[in-house]
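Naming follows writing order (A, B, C and D), and every chain is counted from residue 1.
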Amino acid sequence: MRRLGQILDQIHDRIHEEADWGLPAQYIPELASVDREQFAISAVTPDGQCHSAGLAQRPFSIQSISKVFALTATLGRIGDALWTRVGREPTKVAFDSIMLLETDHGRPSNPFVNAGAIVTTDALLAGREPRQALAEILGLVRTMAGTDDIYINDRVAQSEKRTAERNKALAHYLASHGNLVNDPDLTLGTYFHQCAIEMTTEQLAMSGRVLADLKCAPPTISRAHARRTNALMLTCGHYDASGEFAFKVGLPGKSGVGGGILLIAPRKASIGIWSPGLNGYGNSEAGTRAAAMLADMTGWSVF
Amino acid sequence: MRRLGQILDQIHDRIHEEADWGLPAQYIPELASVDREQFAISAVTPDGQCHSAGLAQRPFSIQSISKVFALTATLGRIGDALWTRVGREPTKVAFDSIMLLETDHGRPSNPFVNAGAIVTTDALLAGREPRQALAEILGLVRTMAGTDDIYINDRVAQSEKRTAERNKALAHYLASHGNLVNDPDLTLGTYFHQCAIEMTTEQLAMSGRVLADLKCAPPTISRAHARRTNALMLTCGHYDASGEFAFKVGLPGKSGVGGGILLIAPRKASIGIWSPGLNGYGNSEAGTRAAAMLADMTGWSVF
Amino acid sequence: MRRLGQILDQIHDRIHEEADWGLPAQYIPELASVDREQFAISAVTPDGQCHSAGLAQRPFSIQSISKVFALTATLGRIGDALWTRVGREPTKVAFDSIMLLETDHGRPSNPFVNAGAIVTTDALLAGREPRQALAEILGLVRTMAGTDDIYINDRVAQSEKRTAERNKALAHYLASHGNLVNDPDLTLGTYFHQCAIEMTTEQLAMSGRVLADLKCAPPTISRAHARRTNALMLTCGHYDASGEFAFKVGLPGKSGVGGGILLIAPRKASIGIWSPGLNGYGNSEAGTRAAAMLADMTGWSVF
Amino acid sequence: MRRLGQILDQIHDRIHEEADWGLPAQYIPELASVDREQFAISAVTPDGQCHSAGLAQRPFSIQSISKVFALTATLGRIGDALWTRVGREPTKVAFDSIMLLETDHGRPSNPFVNAGAIVTTDALLAGREPRQALAEILGLVRTMAGTDDIYINDRVAQSEKRTAERNKALAHYLASHGNLVNDPDLTLGTYFHQCAIEMTTEQLAMSGRVLADLKCAPPTISRAHARRTNALMLTCGHYDASGEFAFKVGLPGKSGVGGGILLIAPRKASIGIWSPGLNGYGNSEAGTRAAAMLADMTGWSVF
């Protein structure tokens, strides 16, 4: 499909022309020093072809995009039992907010805010060794992406472990409401490592094939499961800018503070985008704009 | 399309078998006394055919579904200028909540919570007579539905006017932040009347054709406008149960406390559902379940 | 007591030297245009002598100080039944905040925030004509102050009535929770008029004699009643700066946006202070500093 | 003073007659198992005499009453610099609430809610060894009480350390806003040990002499410092029931979840009360009633 390749090239060029890059995440030392003028976009079509533009083979830290994979692994393991511990509603507060946990008695609003992701990982861990849960998540990511060349960057994980007081506060607060079953430090250690998975946009695009219901996807999760994950990504995937993303892009997406975005165009394509500078909501500045351009140029909006 | 008719009949039968009806809205006297064991569903397909089951020709009070039409009229009149006064984010608070208005300095989160709808109607009114704005909304509804047989029930409007202290509080609070340009009583009077529009599920289904991008739709609003309205319906259309609705149904929808739901399956169908009993979020109890059944049986989920 | 007169003179001089006047209340047109470089202080001692400095015979709008008198009148009429409708706790939110009403289901935190004062006045009104309730409050003020030369400024009341959208929002919100027994407009009309009572600092100081338990006080309310009113003034009398006022002044006090402060030094003196410019909390800027100076120079802190 | 002794005996008898004991703190295992039908009250008069009734020589865990001593020690060391990190306003939320920390960007409302006390202890610790800060607090308590027979119960401290996830969440949240200068674990370790100080009501009453400005008090802190501490105790000393306590008792007081209350009647007496069962606000059920009886019977209210 020649046209898709051209579209990605045009997006790549416009992003570099506009030169509005945002600021890399400052609170994780290993990420703060990244050169922000970087961009990559990859899209896989139903036939399995992957089109790319920019630095599509440069691995980056997927951070919160890992919440999609952890959720998938957890639902695969315990099914709907997860929903007794986490909600499915978008909120209008920041990704690391703790306020709603108090009014909601320790039950996070959804699995894509930090508190909800910590509970999800805790449910996956379930008394096992962190490395077992991490092997399960990483194995799933590799299967979904169709490659074993995906790793956890331990330095990033350690870097976050030293600094992430906010996540520690969330974990202990959840524990105070009995909504963690493991030692908070073990759950957080697992969570920080899952966030430190590194992927390229090509790998990210490949990993979303089953969510996009592409013919080329490996048989990992059921259609119903994929649909529900997409629904959560659309309503909650960009934190307190999720409504805006749905309004402007019209596709399920999940962002990470590493600057990545996994974007799903059901039955059309699975897309990976990366640019490390962030906007005020913690989502990739250039990546968000690229997603809107792609939706405009392809008409892939689900609406 | 024989199959769709059968599906609607099956849904109708299951709803009556399950006999789980919820409770009609108690705070509007005219609505409180409605018999709750009523149900209707209608779906229009791209070819313009309308399939129905149940009481599809019984008019009901569309209430908050009118917010979709008022938004459409307002965006048609002032365009994106509306967004300086209203946001586009889902919230996790009830439809008539006033809390977030305080932290957000009088700017409602989205046009589908009450405060946001009052601002939208205020922007449409813009110094004119209430009857002019109402004529504009009603005219739009009739055009979209392709029939002139749609009216405002003045008794319901008066009934609400007498009782709706919460909406009065919202209007005066908005005014205190300078986010109403008309006298609060005029804006509220217009709002209460727009909510008192009565339609059948057939008419409701017909009115959504343009949002669903059906071939049979009258040319009223642009595709971009329709997509954005659908995005808002999906993320915010069921108040603090919007995430849940997206998760279980996977289609843009807008509910009203009269028990109606307008449901959009892009390029597949436009659907009207009605059952007057409500669940705890103020959405039709049986109607919400019917929407989930329909999505399951047709595979129309956008995800 | 010569020394007290000298202290008041010194305070008066320092206030004028410091020339830090704040800004008169902007939201009530009649008050916004007042010259802010004005100051008065009066103190009545147990023997009935009244010492003053500055413009002690200039009447000003007592505004929220009227909440003390309305509370006194209401407790006199219905006693502790009031506390089923209003709490007795300080809050950390502004005087006109509406947020806590939502979480507290329409029960104001205390009788000195606006919502609590509106409920208090509503309880006093109790189905009667507004002029009856107003006559009762005004009569009480005159008795407590020992003079009939105290009036309501109708122009100020009308001015506020036209502009006070926030108070209207509060009243309708209270009504939506069933915590108003009269028509919101009648209760608000009474409230706006009670706030428009005008007094001089001399009259204000005289009116507080019974609260201060001075020998010269007319027998109006019981000692227990006075003590509890003082307790409320100390914990809640300066809104979200009440803790600060207790910390720096150490005396029960009630401020009004007209720039007045009623200050009670139990068994020592009753004090009236006025300077129309306000600080960021809606309390008199110079008046608050004068209160702190007086407490420092006299050692009258209750602590 | 014979009469005071009789009053305390009467209070003791009435408390045992009423037999309304509340429930001991459940979240600290070492405290949960305490027999709740215990009561003690002691009062020291200006001449240094200590009158008691009940189990006045039984040591109990002072818990949050230690916040008064830690505040005193910290103000003695760094003075008003503390107030850049902690506010002085009462709140209407529970003692262990984390919500307001988010809206206030990590600055606790006052030094008597848990978050504020943790910051206070952190400021006292200031890079030193926990045992140095603890020696300072314990030394101050012993000096104020005039006895060396006061110790920290290490078992209680360890018991709390294992369970207090809520306090850990507060500490890490404060750290995430840069409002802790020490490692959160060190600050918390110090805090848990300070809370585990054990005193009898006799010792507690003796320790409050300087706050009550009694002639018999050892010269430890200035009158101004004592007054301000008393003001904070009155407005914030009983958490979200502080207004109620001021209304009913009218004296500065600080409660602890061990069931103790330190009560200050300026220039009249310093009082220690203990009964381990708590009310819904985390304050001693019988102790709070005893404080109200004492104020009624003595007329010691500051108001």
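Just so it is clear, a contact is a pair of C-beta atoms (placed from the backbone, for glycine too) under 8 Å apart; a residue touches a chain by one contact, two chains touch by 3 or more.
These numbers were taken from a predicted model, which means no experiment stands behind them.
Between the contact lists of chain B and chain D, the overlap consists of A, C. The chain with its Cα centroid farthest from the Cα centroid of chain A is C.
Chain A and chain D have centres, each the mean of its CA atoms, that are 47 Å apart.
Centroids of chain A and chain C (each the mean of its C-alpha atoms) stand 55 Å apart.
Averaging Cα coordinates per chain places chain C and chain D 32 Å apart.
For chain D, residues that reach two or more other chains under the stated contact definition are 103.
Residue ranges of chain D in contact with chain C, taken from their complex: 87-92, 100, 109-110, 226-228, 230-232, 234-236, 240-244, 246-247, 250, 252, 264, 266, 301-303.
Across the complex, chain D meets chain A through its residues 97-99, 101-103, 165-166, 168-173, 175-176, 184.
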